[in-house]
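Shared chain: chain A. Partners: chain B in the first complex, chain C in the second.
Showing the complex of A and B:
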């Protein structure tokens, strides 16, 4: 995928056929780690990966009880460990983001819909606990006008105490295909990308393309 | 600090970059007979003594550690090829030679675990180190020329490790230029609800500058 040779990357069909779930998972993991905001949960992919991990766990158990040579078993175990690491790191990165932006997420249905069902539950519990905590430790002791959890004071028109992901950050990305000239956010600059072009770029300008899988973050 | 994203959240550790590189394919020559391995990450083998086959680097290293194979260093890892690359790197101030995206990690893993499989390993190692140094120096000098607001910067042929090292700095520098060069874009509570005049403003100003 990321080797110096560029052969094959522009052939979508070919790529689709030869891409394993692990490769896909690696890609979404990297995107998730590098993106400032939380991305759409990859429900189908994660479900498939979970299934494969479970299957592999059973296989390894079977192997070790049926006297297959220990070297083979240990190699299978390594493969399993690597996949599990990817999955865990992916989920953890998301939990970290949820913890950080919980109020932003709970106030924003579009963002909330990017979460899995379990993540939604987690975000809800987080928000409730944090609200209770802030309420008990600080807000209840402040004058009435300053008691809102989302606003600095009641004269604020917007929720100005909600940490939000910084979409103005710059990320490093690699294009997966040829992208004709497209406009960069808030300017008249145009950018063209060839497959495998590496670029440091304003995240907001490419965020849809990351979600669509046209551009990978690295 | 307000308005600054937490770099820890989005950065890859050196170990993670190495982890990514371990999926790159290398050629090994096994010295054992072993059935095909049907991994989650793909199928490899079957393995026969003296029959070269392609496996991911992590598998190659695992087998090598147990003395079950020799690793064939990739083509670019020869004294001849690396000398060419080094010369070309020195000749050009701006352009980076094409090396595998993970050349730093791959060479490091092979030097650590398969030294005896690399011909002229000392020479190869010092060449790779020289290339790294020259490239880093070039990255640094090129950074000095970074002096205006840009929304995108092409950094073709920079390798994974190089990207990872310069990312926090370049990212923040560009972010700072972005903010300071466009005062109307600084999130200002009074103005945030009213975007239109800002856009008009911005366009006019950019025009003036040219």
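Showing the complex of A and C:
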């Protein structure tokens, strides 16, 4: 392979690689894995990825039937396997988060809107099943005033029995570009981030920036 | 002492190995639920007493009020413990779907109580529905792939299997070099093991 003789072509190559869908998928997958809460579903990206996977499958099929070198075919296959793993793992991670925070999600329209249509359906069923399960095993055995699933008793003013994601945990993150001094939540300290600097910060103070794609979680 | 049984129940959960299900202690569970009803009865009788004395329930701060408060708080705490017990078990059950698949082996099945079995079944149908709407099977590819082919040993007689227009005889203890995607389904069912090293 041609070696990147000048720094210029290297950078171009880097830039090109970092915008392919697989690379983007890897990023959203990593973010999803590391973030304590569920992030916005990447509808367009997932759709494109699935299209490409299908295309790859067809290519491999064609290659193996037209007798192209098995090594080439197996390289393609490996590439395909990796992409499929990323996709599946991404979707799985999301389902697990939905399961964990279903009551929080179903009571919170803003969070709910981060889910895909199919995930919304799954979340709804998940919540209903869990409600029925709790109802049958615990709540029906309790006195009337204590039967609510979200509140400890009828005198609780707000929902005080909903497991919520812990947004103030620490995450390891990396900035994608230079970020000017910005204020951290709950402190007067200003923070400046250079590209590729590793930081350990409270998730909630960089939450928006993760969503905007300015900061990546590691 | 109030709340001790509920505490035991939750301790059982906490001392169990992480991600492992212990047999459902429905005996203790029912005792705690009964304790809740008892608290409720006493709570009501205390409130009635306050009312009979002609005092306002909202503002009275006498011995009876604090007695009632203790019963209320004990009840709420018991409820939290009971719900936590069921909820955390349900969480483990949810993780089982990914670890062992939609059908539970009998040794795990016997640790669930009836409603939990129901819950597991409903959950796997919900997951199936999601996957079929998406037209993608999410239960394969559980570990990042390293190599498209892996070496496996057959643990149980599977017989002759057709894959990629080849038939292979998976006899017990025989070893094969297979496509990872083909082997995965057998591995998750415990019929093959991957040879590493």
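We take it that the second predicted complex is superposed on the first by the 200 of 218 C-alpha atoms of A that agree within 3 Å, B and C clash if a C-alpha of one lies under 4 Å from a C-alpha of the other, contacts with A are read in each partner's own complex, and residues count from 1 in each chain.
Definition applied: a residue touches a chain if its C-beta (ideal position, glycine included) is under 8 Å from a C-beta of that chain, and two chains touch if they have at least 3 such contacts.
Model, not experiment: these values are computed from the prediction.
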Which partner chains sit in contact with A:200 here, chain B, chain C, both or neither? Use first/second/both/neither. first
Is A:78 contacted by the first partner chain B, the second partner chain C, both or neither? both
May I ask you to decide whether A:187 touches chain B, chain C, both, or neither, giving the answer as first, second, both or neither? first
Quick one: classify A:30 as touching chain B (first), chain C (second), both or neither. first
Considering only touches as defined above, state whether A:43 meets chain B (first), chain C (second), both or neither. neither
Looking at the overlay, what does A:138 touch: chain B (first), chain C (second), both, or neither? second
Name the contact category of A:52: first (chain B only), second (chain C only), both, or neither. first
The answer to whether chain B or chain C touches more of chain A is B
Look at A:100 in the shared chain and tell me whether it touches chain B only, chain C only, both, or neither; answer first, second, both or neither. both
If you stack the two complexes on chain A, which partner ends up touching A:113: first (chain B), second (chain C), both, or neither? neither
Return the residues of chain A at which the contacts from chain B and from chain C coincide. 74, 78, 82, 85, 89, 96, 100
Provide the residue numbers of chain A that touch chain C in the complex, in ascending order. 50, 74, 77-78, 81-82, 84-85, 87-89, 91-92, 95-96, 99-100, 118-119, 121-122, 125-126, 129-130, 132-134, 136-139, 141-143, 146, 152-153, 161, 163
Chain B - residues contacting chain A, complex: 3-6, 9-12, 16, 19-20, 23-25, 34-35, 37, 39-42, 58-59, 62-63, 66, 68, 76, 98-103, 151-158, 160, 163, 167, 170-172, 174-175, 178-179, 185, 189, 192-193, 199, 202-203, 206
Could you pull out which chain C residues touch chain A in their complex? 30, 33, 36-37, 40, 72, 75-76, 79-80, 82-83, 86-87, 90-91, 94-95, 98, 113, 115-116, 118-119, 122-123, 126-127, 129-130, 133-134, 136, 138, 140-141, 144-145, 147-149, 180-181
For the complex, which residues does chain A have touching chain B? 1-4, 20-23, 26, 30, 33-36, 49, 52-53, 56, 71-72, 74-76, 78-80, 82-83, 85, 89, 93, 96-97, 100, 156-158, 160, 165-166, 168-172, 184-189, 191, 197-202, 205, 218
